[in-house]
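Per-chain numbering from 1; labels A, B, C and D assigned in written order.
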Amino acid sequence: MKKIGILTSGGDCSGMNATIRSAVRTALRMDLEIAGFRKGYAGLMKGDAVPLDTKSVSGTLHRGGTFLQSARSPEFRAPEGQQKALANLRSLGVEGLVIIGGDGSLNGALALDRLGFPVIGIPASIDNDIPFTDMALGVDTALNNIIYAVDCIKDTASSHARAFVIEVMGRNSGYLASVSAIACGAEFALVPEREFDLAEICQQLRARYEEGRDNAIIILAEGAGGARQIADSIKDAIGFETRVTVLGHYQRGGAPTVFDRLLGSRFGKRAVELLAQGEQGKMVGLACNEIIATPLEEVVKGSKRPDDDMLRMAEVLGI
Amino acid sequence: MKKIGILTSGGDCSGMNATIRSAVRTALRMDLEIAGFRKGYAGLMKGDAVPLDTKSVSGTLHRGGTFLQSARSPEFRAPEGQQKALANLRSLGVEGLVIIGGDGSLNGALALDRLGFPVIGIPASIDNDIPFTDMALGVDTALNNIIYAVDCIKDTASSHARAFVIEVMGRNSGYLASVSAIACGAEFALVPEREFDLAEICQQLRARYEEGRDNAIIILAEGAGGARQIADSIKDAIGFETRVTVLGHYQRGGAPTVFDRLLGSRFGKRAVELLAQGEQGKMVGLACNEIIATPLEEVVKGSKRPDDDMLRMAEVLGI
Amino acid sequence: MKKIGILTSGGDCSGMNATIRSAVRTALRMDLEIAGFRKGYAGLMKGDAVPLDTKSVSGTLHRGGTFLQSARSPEFRAPEGQQKALANLRSLGVEGLVIIGGDGSLNGALALDRLGFPVIGIPASIDNDIPFTDMALGVDTALNNIIYAVDCIKDTASSHARAFVIEVMGRNSGYLASVSAIACGAEFALVPEREFDLAEICQQLRARYEEGRDNAIIILAEGAGGARQIADSIKDAIGFETRVTVLGHYQRGGAPTVFDRLLGSRFGKRAVELLAQGEQGKMVGLACNEIIATPLEEVVKGSKRPDDDMLRMAEVLGI
Amino acid sequence: MKKIGILTSGGDCSGMNATIRSAVRTALRMDLEIAGFRKGYAGLMKGDAVPLDTKSVSGTLHRGGTFLQSARSPEFRAPEGQQKALANLRSLGVEGLVIIGGDGSLNGALALDRLGFPVIGIPASIDNDIPFTDMALGVDTALNNIIYAVDCIKDTASSHARAFVIEVMGRNSGYLASVSAIACGAEFALVPEREFDLAEICQQLRARYEEGRDNAIIILAEGAGGARQIADSIKDAIGFETRVTVLGHYQRGGAPTVFDRLLGSRFGKRAVELLAQGEQGKMVGLACNEIIATPLEEVVKGSKRPDDDMLRMAEVLGI
């Protein structure tokens, strides 16, 4: 193998640059050329590639986002898109590909693998919903971004009699909502995986209020309902002023935490090593502080179990 | 004068604790007793006061919010509410009052002044819409909170072809929106004071896109329209993916900046000195780095002019 | 068991408050009383205890330091000190004790255990030098504090031709220095565990300089030498301007990260559960995301192995 | 005038990129070409210039440091150096120059002015020691960096009986030390402008300790003594454990605050406008929120008066 490629796909997250940087430095150390495809699978289908060297990744380690840019590319799902990508990879002399992204991106990686092209996937998704890795890239930074904002809101919450509804990311996953709720001492976490009864929540809020605890933080995963509607329902039910914050893409950005810089660095290094060793069709992952590799087939079929220990803790801590 | 009171009213902001701390330390140094009324005018009407000393304000300087808590108190607008407050002030032996808050709170202060009770107001409003002060308390911290979040979003914005609509506070005031837009290099600032044509904005976004500049940050004051509707209109008009962030009360909290700690410290000190000198019915303010005092009558009648220099700069910098 | 105690000892770290809060809430949920001893073993020997309830721990989760305060207490090493502590525990009706701290504190815990008093230890040490736990409390926050400062210095480093020597904590441990060096892309990490040749480092700096790379970040564990002397040696050897930063106790403080809030919450909960189940003489720890318990005897005899994967990565990433 | 130049010189600070960006955008809007000289006067003497356009300054607004890099250039003080610079400016067709820097850099600007070359200076110095401007560029960010670190240290300070000596920048200026001391509620600020008696400070520390206030923060300007020696003296005198932090270049970096982004944007815009209007030999400055221009002759002769209001406040607040 003389030359490999790398791309970032789907929703970006903090730590992607650290991952690319490590992959590039590992490749160069192994005398491999490495090319970066811009804007994910879109760049692959267009053959939009740039050669990467130490200088390309200098000064990127502590930047959020991905300097290779990302995109969602529905056309890649079609066989023609995949063939176009394969043709470009071959004409550029690229013999293996590192793909950094979430669910959809790993599906794309599997498609290439099934066509016989050597691919290694790297799990990146702030929802932490990818199986066979304890943590996906970007989760730790997103969580720390969230608590920074919620800590600020708690200052003002404790100054007023009010309920605050804070919407965090997670269309199908309550991970960010429930973990940040524990970490911030929020009163409620509303998640798509578990039904909740708004009337009951209002009743609990009223009971708290009568005990003199006159403010509350409710963390809401976006998939569990609209923040504004929930806030209005609470206000109507109990006459409490409610305020809404929607953290949106703030959660994805910012300088990556130490954890995400290290995780990305380890993932990037191992992915390149695996390609060089002739491995393919696998996703790297973190298990018990070790970097493991799992066939993409299994990853795509699998699903992540909720963390029981976390759920029990939520009960004790009052959520 | 032997004893004064202090309260925080209306929306809280960062720097209120620094203000109270400075007022307390100034009062003690002048051998004045000082009592804090809890939850603004509500506490005044209930006589809910706590004596304050050095220990009460220890460890508060760097905390957001207000440890005296705040509230909106419509009942205080009625003459009966004001008489109740006066009776409490007298029975507690309080001979002068420092009131920290925005528009509505300063109106309340004027009402007490007209009843002959010595009051000094301190302007606190993240909207920076109070006349006779260059800056109100809390503005600088709110602005820095906003740019912290927008900088994070810019990381992810530059990774994708997308428009981001970020809603900041300001029901009647575009100050936070326009200043943070300049400070962040946002593409558009939508404010309640100036009409805007969404169709034209969409056209400009499309033109930018065709030039290859495929992401944009739009900062929206809450009084200028709903973030979600504007985002949807943009998406419908130009097929661009749009993402919404509503910063909400995140803007009010967090550790105050140096500017707000100093401003609050100076305001608190001067307010107590003015009361001790027999002044009343005034609001302290910042003008040319000096602390001035303006009759509350004028403050309440006046209105803040927009900053022309800022507007011209916005043009040059591309907003 | 009806009543337990808790204390924080040795150097404080971020996450101690989260740990105490979780222990308190767990105890109350199990109908156990819980008392906090102030200033570590000193408070134990004086019987300086405060009853803890939900209100005592409200608003503490996101604060650095420890509201129970900490201290080093050489007198506790003597048998008389330990007997005094035992007597106080008994007279207060305390039947089990949670001790949060590092090396020395866990030795103290073992001493109480050997006297037959039920004790559970919680590892807290930013050096991450305690065996039988993947991570000690406070490490993640300290690392993130460090990189925040180093990222700032990198801004200015890339503006100038200069070498920066940044001293981090670690008298006997290079953990913080080496991990933060990887996470920040520093050029050198100097640690007490591995000898280094300053002359060779200067030679490498000169070689880098000749290639046009005219700035460098050197992260130094305090146990590996004085920052000032090393900076002066570099300056003398190669005529490079060198600048020194000593991060000091900045590293210990600040709002804890999500990781430390969760780790502290899990440690605190498990420690109380273990005492309630009649366990004693153990330290809780994190292993493969699970909370385990190891006899204090083994902890005190053991030592933490350096992380080989990390060392290999340091090589690749250029340190 | 068809073409101007810009450079950053001396110690860098946050906000320099915002200044360059604004100068570039203003120049382009006025149909002026603009070239950036790299590494300050060194680049001027070498003719090391790069043409600047919108793209050059894209993504720089929120970065610390200066992408044009900076340097100290003793050779520029000699007439030959200045002649070399002039020759380069002429051969490159540059007809006016914007110089961003502190004391020494403005002296260099005056030298060029005296040789008849149109120059406008922009005051940038975290020491805030440049006359004819209320605030120099970078001061606000440096102050906020300092308090972020000191707030962290206060967490740990309140957990222990200890004194903390924190060294901030300021060889001849106590501005950063005294303002940050007020903003953080430090117990002492030691500055080069005012003599202090270490024995007396120790006595006050002992007295405080006897009253039960067992921790203290001492902020020291680097020009007022070595942090380590002062810490050791305190320890020897009163047996108190003392800890040292030297913030160093951490203070210069990091994302600029809103204030520095706006100040830099206003300075950069005005400097270019002045050159275009045929003004020369002046420095822009901030006075009463307006941008003014003062002859460099006066700036270089003048000196900044200490802020009396600040000093009085320091007394009240307990420093």
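The definition used in the following text is that a residue touches a chain if its C-beta (ideal position, glycine included) is under 8 Å from a C-beta of that chain, and two chains touch if they have at least 3 such contacts.
Just so you know, these numbers come straight off a predicted model, no measurement behind them.
A.B. asks: Both chain A and chain C are touched by which chains?
C.D. replies: Touching chain A as well as chain C, we find no chain at all.
A.B. asks: State the chain with the largest centre-to-centre distance from chain B, centres being mean CA positions.
C.D. replies: Most remote chain from chain B, centroid-wise, comes out as C.
A.B. asks: In whole angstrom, what separates the CA-based centres of chain A and chain D?
C.D. replies: 39
A.B. asks: Counting only Cα atoms for the centres, state how far chain B is from chain D in Å.
C.D. replies: Comparing mean C-alpha positions, chain D is 28 Å from chain B.
A.B. asks: What is the distance, in whole Å, between the centres of chain C and chain D, each centre taken as the mean of its C-alpha atoms?
C.D. replies: Here the centre of chain D sits 35 Å away from the centre of chain C.
A.B. asks: Quick check: what residues of chain D touch more than one other chain, meaning two or more?
C.D. replies: Residue numbers touching two or more other chains: 151, 154, 158.
A.B. asks: Make each chain a node and each touching pair an edge, then name the shape: line, ring, star, complete, other.
C.D. replies: ring
A.B. asks: Using the touch rule from the top of the page, what pairs of chains touch, sorted by label?
C.D. replies: The set of touching chain pairs is A-B, A-C, B-D, C-D.
A.B. asks: Within the complex, which stretch of chain C touches chain D?
C.D. replies: Its residues touching chain D are 8, 12, 14, 16, 63-66, 69-71, 145, 149, 151-161, 164, 166, 227-228, 243-250, 252-254.
A.B. asks: Looking at the complex, which residues from chain C come into contact with chain A?
C.D. replies: 21-22, 25-26, 29, 59, 61-62, 134, 140, 143-144, 147-148, 151, 154, 158, 179-180, 182-185, 255, 257-259, 261-262, 265-266, 269, 287-291, 309-310, 313, 316-318
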